[in-house]
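Residue numbering begins at 1 within each chain, and the chains themselves are lettered A, B and C in the order written.
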Amino acid sequence: MKKKVSTMLALLMAVVFVLSACGSKTNNDSKNATGENTPATTNEGEGTTNLKPYKLTLVYPGTAQKDLALVQEEMSKYLTEKINATIELKPIDWGSWTDKTNLMKISGESFDLMFTAGWFGYGLDVSKGQFIELNDLMEKYGKDIPTVLGEDFIKGSQINGKSYAVPTKKEFAQGFGFVLNKDLVDKYQFNTEGIKTLEEMEEMFKTIKENEPGIVPVVSNKFASTWSAANYDNSMISRDSKELKVIDTLEDPKFIDFLKRMRQWNLNGWFDKDVVTSDSSGQADNMLKSGKAFALAQSLKPGKDKEMSVTMGLPLVQVETAEPYTTTGEATGAMLAISRTSKDPERAMMFLNMLYTDAKLLNMLDWGIEGKHYVKVSDNMIDYPEGVTAETQGYPSPGGWMFGNQFISYLWANEDPDKWEQFEKFNASAERSIALGFAFDETPVKAELAAVGNVDKEFQMVLNAGAIDDVEGTIAKYKAKRDAAGFQKILEEKQRQLDEWAKTSK
Amino acid sequence: MKPLASSDAPTVSPAIVPGRMRTFRRKIKKYRALLLMMVPGLLYLILNNYIPMYGVILAFKELNYVDGIFGSPWAGLYNFKFLFNSPDAYLITRNTVLYNGAFIIVNTCLALLVALLVNEIKDKVVTRFYQSTFLLPHIISMVVVAYLVYSFLNAESGFVNRQLANWFGFDSISWYNEASYWPYVLVIVNAWKGVGYLAIIYFAAIIGIDKEYYEAATIDGASKWKQMTRITLPLIAPMIIVMTLLSISTIMRSDFGLFYQVPMNSGPLMPTTNTIDTFVYRAMIVRGDIGMSTAAGVYQSVVCFFLILGANFAVRRISKDNALF
Amino acid sequence: MPIAARVRKSFIHLFFILFSFASLMPFVLVFMVSITDESSIVKNGYSFIPSKFNFASYQFLFNDFGQIARSYGVTILVTLIGTVVSLFITALFAYPLSRKDLPLRRSMSFILFFTMLFSGGMVPWYITYVTMIGLKNSLFGMIIPNLLMSAFNVLLMRSFFANTIPESIIESGTIDGASELTIFLKLVVPLSAPIMATIALFNLLAFWNDWYNCMLFIDKPDLINIQYLMTKTLNNVQFLVMKADTSSQAGELLAKMPTEGVRMALAIIGIAPLLMAYPFFQKYYISGITSGAVKG
């Protein structure tokens, strides 16, 4: 019975879709001339006159705040005015996200919008049909989104030329390097300006090792992953390469040299003793906090050092070891998608559109209610109201990076007032990967990927941390075991999909 | 599903119903009250366990959300492939079985020792105190246990390397980097957490033994040791057999927290800490694929099923009453 | 002989003192860490005698005292109802199984035992409860699924009944013309105090410690139990650690998670009432066991 209803619904939706798609085309042509300057107002006009009341549900990872209900109410009031909708905010704890959302999806629970990301199951959910295609909807109800985001973001997040989710406008590239303890940098007068080669970094580590016996030069082996993220797109295409050719990083001499260098670092005593586990146990952060460490590998963006200085509680300074780089992973770093179980995808898209244009709505979601959770100190700068601190506030931010246009989100009083301009510059200057927009569909080789994942886990960390004597021997063992798990088949599949993508995207 | 026929007026002629059937019906009627007692439990099993069993087909499906569990296309045995194609297939099965074997032996011996010794203490207040402490490790979660183990073993500032190494004069060890120590570490941690629980079960069984046996034995001048080995152990043997059979039924499963969280998911330790469950979990981080994890569950169940059938058969041959079914 | 006995006795006590020490120590350690100043953890690692005390973790947690109190309420209610109902169903199922003359005995045992081997997995199980009975966001969601009757406990109880209840008692009841239910309630249950107490204790612990059902079936903050309130922070941290390799965002979130002290304080808050109530129900538990011994 249930099944019948849902197939009926699906059919109905399909019909509505086709109709609306047809309608939108003719609509658009005539509207284009007049509508372009004031898209938001036309939407509002439509909204208040002939929309039925509807409750939107927004599902995203995070912990429910004490004042969540208040913020929800306030947002609903505002949304009713604009698009005659109310909203239910539904945060799900990070730790239970996988279980809970899997069950929601498979049991067909109804919800409208869901957070997703390349590293958070986006490709998988699309291949399983959870998210609906947004191209037509966006054309009709989300016209402002492409304007705000720009071509690169939209292209980068598409799968086979179709959008299934809209990315948050935020930093669009990753910088790579370290954050360093600023006191030590000042003490030894290290120069942290510009891009540093590994040799220059080694000079610093050597100085620290020789002069500061109680301090570990580099904690954690995160540097290896940062380094490969800076040199390879998704561990498969070399950044230097001009052709779309999938490579095995373990056969790349550059990578082997790097692993040998890590071995040398380890022998020099530059890593901490727990280097294999110190990232996951949180010890790496703790050592930096307590001044027992000099450097921590980190992916970087403008102002990262200032941000971390606050959370770590001591002055830090960032140093880059490679130029910022943009891959598909960046474009799909944080997105919102519309569920197949949404009863009103059009309204969901209208809401999405507002997240990119309506500062009032977005800031409510990001920071709560003005006067209660924050006060304005200038046009786009805010601070805690009197008597409220980070510990006692009722609506700690769910994370502005998850929703809409972060560039219209308010900045805190202790932040750089021109943070967003710096971001714009950073985004514009970053080098684009030649495979930007290619997303690998894992379905054909999922069994092989699962087996290889275990092999990686066994060898990667040891090699990255230089914790083993015979680097080349270990690589050989690693490769043999990986091949046994079906690695070559994955490579071939990647190359095949990449070739196909190259054909269709050019 | 027929209503129980009354024996006075059989609805079917005796020629058709064989005699065995008739006695069976009569028995059912006689034990109606007992069978009715089981109804709530039976209904619960159907709801909680038997209805959801259709989910096993997920192991043979390429699931997508639009078509749902039944509508998704079949995938044959593809979901099993990642388990058996892996170079680690043998290693993880071996680790799982050997660890569980070690746990069964170590925990049973220790728990019996504890239960027997507690029984020797006559002071009630003291007994109560000891018993209270037994069960404590059982009630904390593995996540917390992982933190505790870490506080002992971490290389930089752990209790073992910082204090014990000084006291006893051995070199500090990079625990999370050396696979060879972990079989011992895991057996110890597991015993620490599980022995109290098992001991309480055995203690309850010992307490149930009729005191007259001991009185008679004391009159005959049997030593304490003889009483333990000749009276107590044989009399609680059924309980030991049941507990061991139950443990065998989970011999292919491993406590995820113990094997994943306690070793801090450290790569170099994988040769001695990777089990079927951690393998599946690590594989699932890449893709949260329900089909593949169901397939792994089916594999574990099938192996256990045959193991337990064998074990139960063996027990039945020795003592019919102590078999599970 | 008396000397030998005394030596033996001291050995036994020595054994148990060591055993108790090993069991208790980690709790003391967790508690000490929860009141240790962050800087002291970083400097000296975990320690029984912190160089600097700090109760900030508890202050931080008790900012939201209302939630903690409500969650305790939920846990206590669920644990009480669950333990009683569960003990009842378990005993009613186990007792007939222990009767050697019961028809269908082997099949019933097998039906029970089979559930320990095979399961359909979480997905269909969840769908059954949510769509068939609508347990989402209901207190029953924390009572019924997977906890109400464990096959393991039934088999334990069955084994106890079969081995310690003399058949003559049941026969005498039958001769007196008592119904099966009366025999069970009036004759068998009083003789089974040890196993009843043990199973009740296990049930109680299972209900108290359960956070998984709460995670799956409960969305409303009003209905969250204390274990989930405590576990979710630890789970969040773990999840983000896992994802930190693949996303720079996860790393950032991780830095904002509560400190080690807070996590340990959460652990303490989750187990404290159980530890405090422990000596009290322990008394009944032991007397249950010993009363069985006296009568047996």
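Criterion: a contact is a pair of C-beta atoms (placed from the backbone, for glycine too) under 8 Å apart; a residue touches a chain by one contact, two chains touch by 3 or more.
To keep track of the chains, here are their UniProt names: A = ABC transporter substrate-binding protein; B, C = Sugar ABC transporter permease.
Quick caveat: nothing in here was measured; it's all calculated off a predicted structure.
Chemist: Need the most distant chain from subunit C, centre defined as the mean of C-alpha atoms.
Modeler: The chain farthest from subunit C, judged by C-alpha centres, is A.
Chemist: Looking at chain pairs A-C and A-B, which one is connected by more C-beta pairs in contact?
Modeler: The greater number of contacts lies at A-B.
Chemist: So what's the Cα centroid distance for subunit B and subunit C, whole Å?
Modeler: Comparing mean C-alpha positions, subunit C is 16 Å from subunit B.
Chemist: Would you mind pulling out the distance in Å between where the CA atoms of subunit A average out and where those of subunit B do?
Modeler: So the centre of subunit A lies 41 Å away from the centre of subunit B.
Chemist: Give the residues of subunit C touching no fewer than two other chains, as numbers and ranges.
Modeler: In subunit C, the residues touching two or more other chains are 123, 127, 231, 234-235, 238, 242.
Chemist: For subunit B, jot down the residues that touch at least 2 other chains.
Modeler: Subunit B, residues with two or more chain partners: 69, 154, 156, 265, 285, 290.
Chemist: Please set out, as single numbers or ranges, the residues of subunit A touching at least two other chains.
Modeler: 98, 102, 106, 280, 287
Chemist: Would you mind writing out the residues of subunit C in touch with subunit B in their complex?
Modeler: 8-9, 12-13, 15-16, 19-20, 22-24, 26-27, 29-30, 33, 44-46, 89-90, 92-93, 95-97, 99-104, 106, 108-113, 115-121, 123-125, 127-128, 132-133, 144-146, 148-149, 152, 154-156, 159-160, 162-164, 179-181, 184, 194-195, 197-198, 201, 205, 208-209, 231, 234-235, 238, 242, 263-264, 267, 271, 274-275, 278-279, 282-283, 286, 289-290, 292-293, 296
Chemist: Using the touch rule from the top, collect the residues of subunit C that touch subunit A in their complex.
Modeler: 39, 41-43, 60, 63-64, 67, 122-123, 126-127, 130-131, 215-216, 219, 221, 231-232, 234-256, 260
Chemist: Would you pull the subunit B residues touching subunit A in the complex into a rising list?
Modeler: 62-69, 78-79, 81-82, 85-88, 150, 154-156, 172, 174, 176-177, 264-268, 270-271, 274, 279, 282-290, 292
Chemist: Mind pulling up the subunit A residues that touch subunit B in the complex?
Modeler: My answer: residues 3, 10, 98, 102, 105-106, 108, 121, 124-125, 127-130, 272-274, 276-278, 280-281, 283, 287, 340, 442-443, 446-451, 453-455, 457-462, 467, 481, 484-486.
Chemist: Could you list, by residue number, the parts of subunit B that touch subunit C in their complex?
Modeler: 24, 27-28, 31, 33-35, 37-38, 40-42, 44-45, 47-56, 58, 69, 114, 117-118, 120-121, 124, 126-141, 143-145, 147-148, 151, 154, 156-159, 162, 192, 196, 200-201, 203-205, 207-211, 224, 235, 238-239, 242-243, 246, 249-250, 261, 265, 285, 290, 293-294, 297, 301, 304-305, 308, 321-322, 324-325
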